[in-house]
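In the two complexes below, chain A is the common chain; its partner is chain B in one and chain C in the other.
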Partner chain A sequence: MAKVFIFPATSLILSDMVERWGHEALGAATGIRERIQTASLDSPPLQMTPEDPKKGLKYAAVEVPCGVRGRMALYGPLIEEADAAIIINDADLSFGCMGCARTNELVMFMIRQRKGLPVLDIKYPETDDEGFAFVSQIKEFLAGLGGESDD
Partner chain B sequence: MKESEYIPTYVGTITKYVFIDSPDTTPQTLLIRAYEISDGLMIKETCFGLQVTGVPEKVKKLITELRTVDPAHIFVKDRGFLPGDPRRCRANLGGARPGYYGHEFESGLFRYISHGLEELEKNTAPTVTRLGKKRLDEGKLPPNRLLEIIRNEEA
Partner chain C sequence: MTDQPVRIAQLSCGPEHSGVQKEIYDAAAAVNAEMFFPDVTLTDIRRSYDAFGLEARSGDLKLAIGRAMALVEGKVEADAVFIATCFRCAEAAIVRNELRHYIHEHSDLPVVSYSFTERTTSGTLLTRMEALTTIARRRALLAREEQKGTTMGVDSGSATTKAVIMRDNEIIGTGWLPTTEVLNSANGAIEAALKEAGLEMADIEAFGTTGYGRYLVGEKLGADLIQEELTVNSKGAVYLADRQHGEATVIDIGGMDNKAISVQDGIPGTFTMGGICAGASGRFLEMTAKRIGVDITELGPIAMKGISKTVPMNSYCIVFGTQSLVNALAEGSSREDVAAAACRSVAEQVFEQQLQEVDIKEPVIMVGGTSLIEGLVHEMGDLLQTEILVPHHSQYIGAVGSALLASGFIEEK
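Right, the complex of A and B next:
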C-alpha cells in the first residue's frame, strides 16, 4: 500500500479513488486529525498552533506570510512522507487568499522537486469520455505503485 | 474552550464521509444498511449520505461493505474533524460548513466519474483519451503581448 499525496488536498474524488484501489490518501484530513487528536497545552480553538508557522520555516522563508508557513507545516510533512502524488491541475476549488494561492504553488513546486516521486497530472473531467479517461489513468497509475488492491 | 483546557476526544479514531449519488439507492437506504452492520461505530446521517467515526479497522470494514451496495455511485472521503465538532459544525458557525463548497463542486462531477467506473467495470470502452499535463504557459500572458502593452503605455 502506497501513500499518495493528493492535490487539492481536500479533494473528495481523489481521496475516494486512492482508497478505492487500496492505497492511502494523504490529504488535509490526515494532518488535521493528527493535530486535533493530540493533547497540548497550547492547542487553540482552531487546529493550528503558534508553533506551526515556525515548523513551516523548513519549507518557506521567514519573509513569507505566516499563512503560507502555517499551511506548509500541515502539507510539507505529508509531501515528504508520500510515495507518489496525484495533482489535479485545474482545481479552482482550491482558490483562496494569497496564503492559499501561494501555498498551492509551493506545494506543487515541492512535489515536482522531489526526485523520483511518481506524479500523475490530471484535469477534472467535463464529459463522460473524460470521466472514463480520468478514472482509467488514476487506476493505471495506482496499479503501477504496487501494493494491495481491492479488485 | 480555553487554550489550556484542550482535551481531545475520540483519540485514535478516524472519520469518513460517505457520499451517494445514485439513481437506485437513497442516502436513507445506505444509512439503514450502515446501522445494520455498524458494530458500535458512531454514524451520523446527512443529506448526501453519512459520516462514520470509529477505530480504523472497523470503519474500513464498514466502508468496504457499504461500497458493495452501489460501487460506482458511492464515494468516500477522509475527514479530520468529528461530526458536530464545534470548530466546524455549522450549527455553531452559521452559514455553510467550511469545505462544503469543495464537496458541492466535486459532487457535480460524480456522474462522469460514475460513468468512468461503470465503463471500467465493463471494460468495453474504446481507447482512452489521455488528459495531458497543463502547459507551463497555459493561460499566461505571452511575452510579446506584454511588450506590446508596455510600448503602448510608453507611447
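Right, the complex of A and C next:
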C-alpha cells in the first residue's frame, strides 16, 4: 500500500479511487481528519489558527501571502509523506477544487521537486472517451504502485 | 443591543487558512452583526465568472465573484458586504478592488474591503465592522442634514480631544486639548466649549461621542450616541462643506491612522482605514515641525514657500522619513523645501496606500487637524489633480458630526 498525494486535494472521487485500488489517499480530508476541533465529524473544515501560517514558513517565505502559507502548513507535510502523487490538471469545480491558485503552483512545484516520486500528471477529461481513458490511466498507475484492489 | 443582528455577506479568499476567520466573527459579534457566506451553486459560479469577465485563477476568488453577482442581482439578501483577501496577493488585490467597485456601482450595499495577515485581530477590524453596521442599521439617523436644539459632540482622538456645542444648526462653542488621560482631556475640552458657548452641562439636550476614546467618554458621561469616526466624520464633512447631496470623498489624515471615505448623500459607501505607518500620519508632520524648529501651526505656511521635489523623502516609515529629513537639512536644504517634502511624502503615502482603495469622487474634502496644514492640502490636491475643499472648523469634524447626529435623540426623549 502506497501513500498517494492527490490534486485537487479536495477531490472525493479521486480519494475514493485511490482507496478502492488499495492505497491511502493524502488530501484535504486527511489533514482535516487529524484536526477535528468541531462538534461533529462533518462540521465545516479547517479549524486553523494564526499559528498555521507560521508553520507554513517551512515551505514559503514570509512575503508569501498568509493564505498560501496556511495551506502549505496543511499540504506540505502530506507531500513530504507521500510515496506517489496524482495530479489532475484543469479539473472541473465539481470534481474537487482548490481555493488558491498560488498555493496550487507551489504544491505542483514541491511534487516535482521530490526526485524519484512516481507522479501521474494528467488532464481532466472532457468527453466520455477521455473519461474512460482517464479512469484506466489512474487504475494502471495505482496498480503499478502495488497494493490490493477491492474490485 | 436589542436590534436584529446586521447580516454582513463575506466575500473572501484565505481567511480560514490564515487562521483569522474567528477574528472576523468576533469583530462582527462585538457590534451585533453576523457574517454569512452567500449561498451559490457551482452553476452560478461558472455563469457569474464568465459574465463578470475577470479571469481569476483561484477558486475562492471565482467563488467571491459568483457571490458578489448573487448579491447585486438580489438572489441573496444582505445588509452590508465585507471583502477580505490575503495581504500581498496581487491576484486577490485585483479581484477585491473590482468587486468593491462593482458592488458600489450596482447596489446601495455598504462595502468595506480589507487585506489581512495572520496577525489581523478582531480589534483591528472592529471600527470597520461598526461603521458597516451603523450604515446598515442607522440610515434614518445618518440622513439627518440639520442640527436642532442644543447638542454637544466630543471627539476623543488619539492625539487630540475636541468638543463642540451646537445650537439650531450653528457652532456656538469649541474646545480642544491634547489627549493625555482620556477622561480628563474630554472633560477639559467640554469645559472650554461650554464656557465659549456660555452654557452649562444641564443645557445640553443630547450629546454624542466618537474617536478612539468614545466608549470610555460616552459611557462615563452618559452620551446618547457613541459612534465610530468613519460615519461621523463623513457626516460632519459633508455638513460643514455644504455637500450633503451627491458624491464626495472625505480624507482624514489623523494622528494615528488615516481614513479615506467615498460618500454618497452623506453616507459612506466604501472606505479604508489604515494603519500604514506613522510616516504617513500627522505624527510625522509634528516631528518635522519640531525638527525644523517651528510650531505645527506654522508648518503649512512654511511648506507652501518650499519646493517639495528638491528633497528626496520617502516616509513610509517614520524612522526612515526622519533620517531623510535630517540628511536633507545636513546637506543644506532649506527648511521650506524640507517642510514641503514632508507634506508631499505624507500625501504620497496616503495616495498610494489608501486612496487606491476607494473611488475618488469630487469634491474631495479634507478634514481633521492635518487639513489645517495648507502645505499638505496643496500636495494632496496636486496628486489628485483637483482642488481640495477644507471646510471651516474642519479640525472639529468628528465633534461636529457627533453633535449633528445627536440632535436626532432630542426628539426621542
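Everything that follows uses one rule, which is that the second predicted complex is superposed on the first by the 133 of 151 C-alpha atoms of A that agree within 3 Å, B and C clash if a C-alpha of one lies under 4 Å from a C-alpha of the other, contacts with A are read in each partner's own complex, and residues count from 1 in each chain.
Definition applied: a contact is a pair of C-beta atoms (placed from the backbone, for glycine too) under 8 Å apart; a residue touches a chain by one contact, two chains touch by 3 or more.
Owing to the predicted nature of the structure, the values given are computational and were not obtained by experimental measurement.
Chemist: Can A:V135 be said to touch chain B (first), chain C (second), both, or neither?
Modeler: The answer is first: A:V135 touches chain B but not chain C.
Chemist: Could you tell me if A:I13 is touching chain B, chain C, both of them or neither one (first, second, both, neither)?
Modeler: A:I13: touches chain B, not chain C.
Chemist: In the overlaid three-chain picture, which partner chain does A:L93 touch, first (chain B) or second (chain C), both, or neither?
Modeler: both
Chemist: According to the stated criteria, A:R102 is in contact with first (chain B), second (chain C), both, or neither; which is it?
Modeler: After superposition on chain A, A:R102 lies in contact with chain C alone.
Chemist: Mind working out whether A:D52 is in touch with chain B, chain C, both or neither, as first, second, both or neither?
Modeler: In the superposed model, A:D52 contacts chain C only, not chain B.
Chemist: After superposition on the shared chain, which partner residues are touched by A:G67: those of chain B (first), chain C (second), both, or neither?
Modeler: second
Chemist: Tell me which touches more residues of chain A here: chain C or chain B.
Modeler: Greater contact footprint in residues on chain A: B.
Chemist: Figure out whether A:T127 sits in contact with chain B (first) or chain C (second), or with both, or with neither.
Modeler: After superposition on chain A, A:T127 lies in contact with chain B alone.
Chemist: State which residues of chain A lie in both footprints, the one left by chain B and the one left by chain C.
Modeler: In chain A, residues 45-46, 93 are touched by chain B and also by chain C.
Chemist: Okay, in this complex, where on chain B does chain A touch?
Modeler: These residues of chain B touch chain A: 1, 3-4, 6-8, 10-15, 17, 19, 64, 67, 75-81, 85, 87, 99, 101-103, 105-107, 109-117, 119-120, 125, 128-134.
Chemist: Mind pulling up the chain C residues that touch chain A in the complex?
Modeler: Spelled out, the residues of chain C in touch with chain A are 13-20, 22, 42, 45-46, 56-60, 62-63, 85-89, 91-92, 116-119.
Chemist: Which residues of chain A touch chain C in the complex?
Modeler: Touch residues, chain A against chain C: 45-46, 48-54, 63-71, 74, 93-94, 97-102.
Chemist: Going by the contact rule at the top, pick out the chain A residues touching chain B in the complex.
Modeler: Those residues of chain A that touch chain B are 8, 10-13, 15-16, 19-20, 25, 27-33, 35-47, 89-90, 92-93, 121-137, 139, 150.
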